[in-house]
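These notes open a run of structures that come right after.
Here come two complexes built around subunit A, the first alongside subunit B, the second alongside subunit C.
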Partner chain A sequence: MVEINNLQFHYPKSRTILDNVSLDFTPGNIYGLFGKNGEGKSTLMKIIAGLLFPTAGNCYVLNEITSKRKVKSLKDIFIVSEDFELPSIKISTYEKINAPFYPKFSKNQFYDLIKEFKLSPDQKISTLSFGQKKKVFIAFGIATNTKLLLMDEPTNGLDIPSKSQFRKIMASAVDQGKCIIISTHQVRDLHSLINHVIILDQSKVVIDKPLSFISEHLWFGKPKHHDQDAVIYSEMTFGGKAVLYKQDKDETDIDLELLFNAVLSEPEQINNALNTAYHGARI
Partner chain B sequence: MDFDNSKPIYLQIVDFFYESILARRWPEGERIPSVREVAMMVEVNPNTAIRAFNYLQDEGVIYNKRGIGYFVSENGYKKVLDIKRKEFIELTLPDVFKKMILLDVKLEEMSNSYNQYVNDIDHENK
Partner chain C sequence: MAQEFSIKRIGGFIYRDIVLLKSTIITGLSVTGGLLFIGFLFNLREDYHLTPNEFVSVFFKFYIPVGLLLCFTIFKEAHSQKTNQFYFSLPVSSYERIAAAWFTTSIIYTVVFTTFGFLVGQFAIVTGIVVSQANFHVVPIFSENYWKVVAFYFLIQPTFLLGAVTFSKNRIGKTLLSILLIVFGLVVYNFILFGVLNIGYEVFSGEKLASDAFDLTSNDFSGIGSWFWIIVLGIGILLATYYKITEKEA
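Moving on, here comes the complex of A and B:
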């Protein structure tokens, strides 16, 4: 669906933001894109959407180079960007004007989502709060039913009940033909939704793996005394959480925050753990 | 659904199924919610939900009728009961015993508490 080869990017007169990035996104997955502030998450999303052009290397979406901005690929890409401006018109007018660009747009789905988000089609977008505007934008993005949906910090600005609604909606929105990429700092909000994690650090991809793969190789939790040798990274928070080589221990849930910190501080050891299979006795 | 951090999410979904079957909310032979419905219910990626369905199918607790959906097996209740009993005896009890020794709680005290508890429940149900 999305194929990125040896991508380089820097803004004019600034340092390199993305350095030799190669990634492959396939349908049926929800990707979580993580990285510290300024590590190029939003830039990468904009390049995929064709809003920025790479300095070197290339990015294909549905076999078209996205910087060529062909209609064939643009009608199947939607980006819910972090900062956005919506015109000062009614929600229903916004839908009428913008829906025709997306052949698979579902009017019913859009208005169902608007209703679910406790908004009404007659409301003027300029009278809404930031969070409500975001809901309009998210609802529109999901209803476009594009094959590729990019979301940059989608839960920013959403109130507490809406975050749960958002997860329910996303769980129902993904299907085998769709690819969803979400970038976020709110890992707790989206933890249960994503099934593949990509972490960017210092302009490079430091990890790009399905969660099921990670939980087969790494163990998260409080290490027992005899596990000390297997500890890769630990935090001195209450109880002392740590990332360990999984070895023959039972599979645990992945603590994304812990994984993120571990990857940034011990990238080599983490990748080593992920790339070498453990040949221990399996129960 | 609140996830605890120790078990992978798909196994927590499996537990949610077990509970529903033990509580007879999902009777034997009856259709259960689809993968998509479960994914929405517990707010997870459908791929994670599928993992839970596959796991339960391998355990023989549910089965798939092609094109119709998933059903609780005819002996599904008994199967879940065996699985959960085994888990209780092998995992939960040792933890309780460990605490009993640590806190010096005698077996007799425990048996008294147990009887008291059963009594209270009987009263409540009357």
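Moving on, here comes the complex of A and C:
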């Protein structure tokens, strides 16, 4: 669905933000795009949406170069941007003026989501809080039913109950034909939602793996005394939790925050572990 | 191409623009309505009659500036960092964006503002009847001068649309400065050309050389010729606007 080849990007008179990035995004997946602040997550999302143009390399969505912003591809892309402003009109008017541009827009789905978010179609957007405005924007984005849904820091500004509500809604929104990319630096917010993780660091992709693959190769938890030589990364702040070579242990739930810190601290070791076939003994 | 140009999408985009600018339009029309009303009353005070030329003399003072301001307002969404991501990611092609903006700020605007001018003028006449000795008559809108004003607006409007897309900050000032520099450059170029033609080939024989030159230039353009240039220049500038919006990033 999205094909990125040797992509480079830098803003005018600025350092390289993305350096030789190549990625493939396929339908039926929810991708988590992680990275520290300023590592190019939002920039990558904007390039995929055709809002920024690569300095070098290519980005295709549904076989169309995104920088050309063709209607054919734009009909199947929606981006929930981090920094946004909605017009001072009623929620229903917002739907009425923007929905006709998206052929697969579901009015019922939009108003169901608005109801689920405890908002009313007659409310004027300017009277809503930032979090509520974000809910309107997210509801609209989901209801467009585009094949590609990009969400840049979607949980920013949402309160704690709304974050779990968001996860529930997103989980029900994905189907085999859709590809969802969620960028965030708040990795905990996406726990149990994503099934593929991409981490950007120092302008490059340092990890790009399905979670199932990661849990086949890495073990997350409190290591026992005899596990010490299998520890790749550990942190006292996580109650002594560590990332280990899986070896012959049972699969564990992936601690995204721990994985993120481990990848940034020990990228080579993590990649070695992921690229190592384990058959009963560490290689 | 068929997928990139749809009349239905242009209609939808025009509707969207009008809804988003509704409060700005209402405020603008209210202020302009008041000023037009005063202007028309002022013209009624002597002969209690609003002539076609009196109507146009008041009308054009607001029709052109308000129209040009609308050109800048319509592209406001494309320049704000908080709104332009949604604006540029909407499935509407650059052709359609330009077509919608041009149609709204030229055709729709002219029809609406003329109708509005007519209604305000009529209201001024009725007010004149109530407060003084004016006789009832229908506001005379269409005159030769009216069409000249409209033609002039249609000639300059694409240039302001181009400025509204090209510049992100101080858009009105930068557009006016650019026009001033281009006009100044053309005047200098014309003077050089004029000097070369006159000294080398003695094209102009009279004493008032500059006015001769302008007269000759004016004579070279028939009514059809003038409209031809309006269309060619307009399309050319709209094409430049299209390229500008195509290369704009959010």
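Methods note: the second predicted complex is superposed on the first by the 278 of 283 C-alpha atoms of A that agree within 3 Å, B and C clash if a C-alpha of one lies under 4 Å from a C-alpha of the other, contacts with A are read in each partner's own complex, and residues count from 1 in each chain.
Methods note: a residue touches a chain if its C-beta (ideal position, glycine included) is under 8 Å from a C-beta of that chain, and two chains touch if they have at least 3 such contacts.
What you are looking at is a predicted structure, and each value in this text was computed from that prediction instead of being measured.
J.: If subunit A is used to align the two complexes, do subunit B and subunit C fit next to each other or clash?
T.: In the superposition, subunit B and subunit C stay clear of each other.
J.: Counting only touches as set out at the top, which of subunit B and subunit C does A:52 meet: first, second, both, neither?
T.: After superposition on chain A, A:52 lies in contact with subunit C alone.
J.: Is A:223 touching the first partner subunit B, the second partner subunit C, both, or neither of them?
T.: Neither partner.
J.: Is A:194 touching the first partner subunit B, the second partner subunit C, both, or neither of them?
T.: first
J.: For A:97, using the defined touch cut-off, is the partner it touches subunit B, subunit C, both, or neither? Pick first, second, both or neither.
T.: It touches subunit C, and subunit B stays clear.
J.: Using the superposition on chain A described above, determine whether A:29 touches subunit B (first), subunit C (second), both, or neither.
T.: first
J.: Thinking of the overlay built on chain A, is A:87 touched by subunit B (first), by subunit C (second), by both, or by neither?
T.: second
J.: Check the superposed model and tell me the shortest C-alpha distance between subunit B and subunit C, rounded to whole Å.
T.: 27
J.: Using the superposition described at the top, list the residues of subunit A that contact subunit B and also contact subunit C.
T.: Dual-contact residues (subunit A): none.
J.: Which residues of subunit A touch subunit C once you look at their complex with the stated criterion?
T.: Its residues touching subunit C are 46, 49-53, 69-72, 74-75, 77-79, 81, 83-85, 87-89, 93, 96-98, 100-102.
J.: So in the complex, the part of subunit C that touches subunit A is made up of which residues?
T.: On the subunit C side, the touching residues are 3-4, 6, 9, 12, 15-16, 19-20, 23, 80-86, 88-94, 96, 246, 249-250.
J.: Flag every residue of subunit B that touches subunit A in the complex, lowest number first.
T.: The contact residues of subunit B facing subunit A are 3-9, 11-12, 36, 39-40, 42-48, 51.
J.: Using the touch definition from the top, list the residues of subunit A that touch subunit B in their complex.
T.: 28-30, 164, 167-168, 171-172, 174-175, 191-195, 212, 215, 220-221, 251-255
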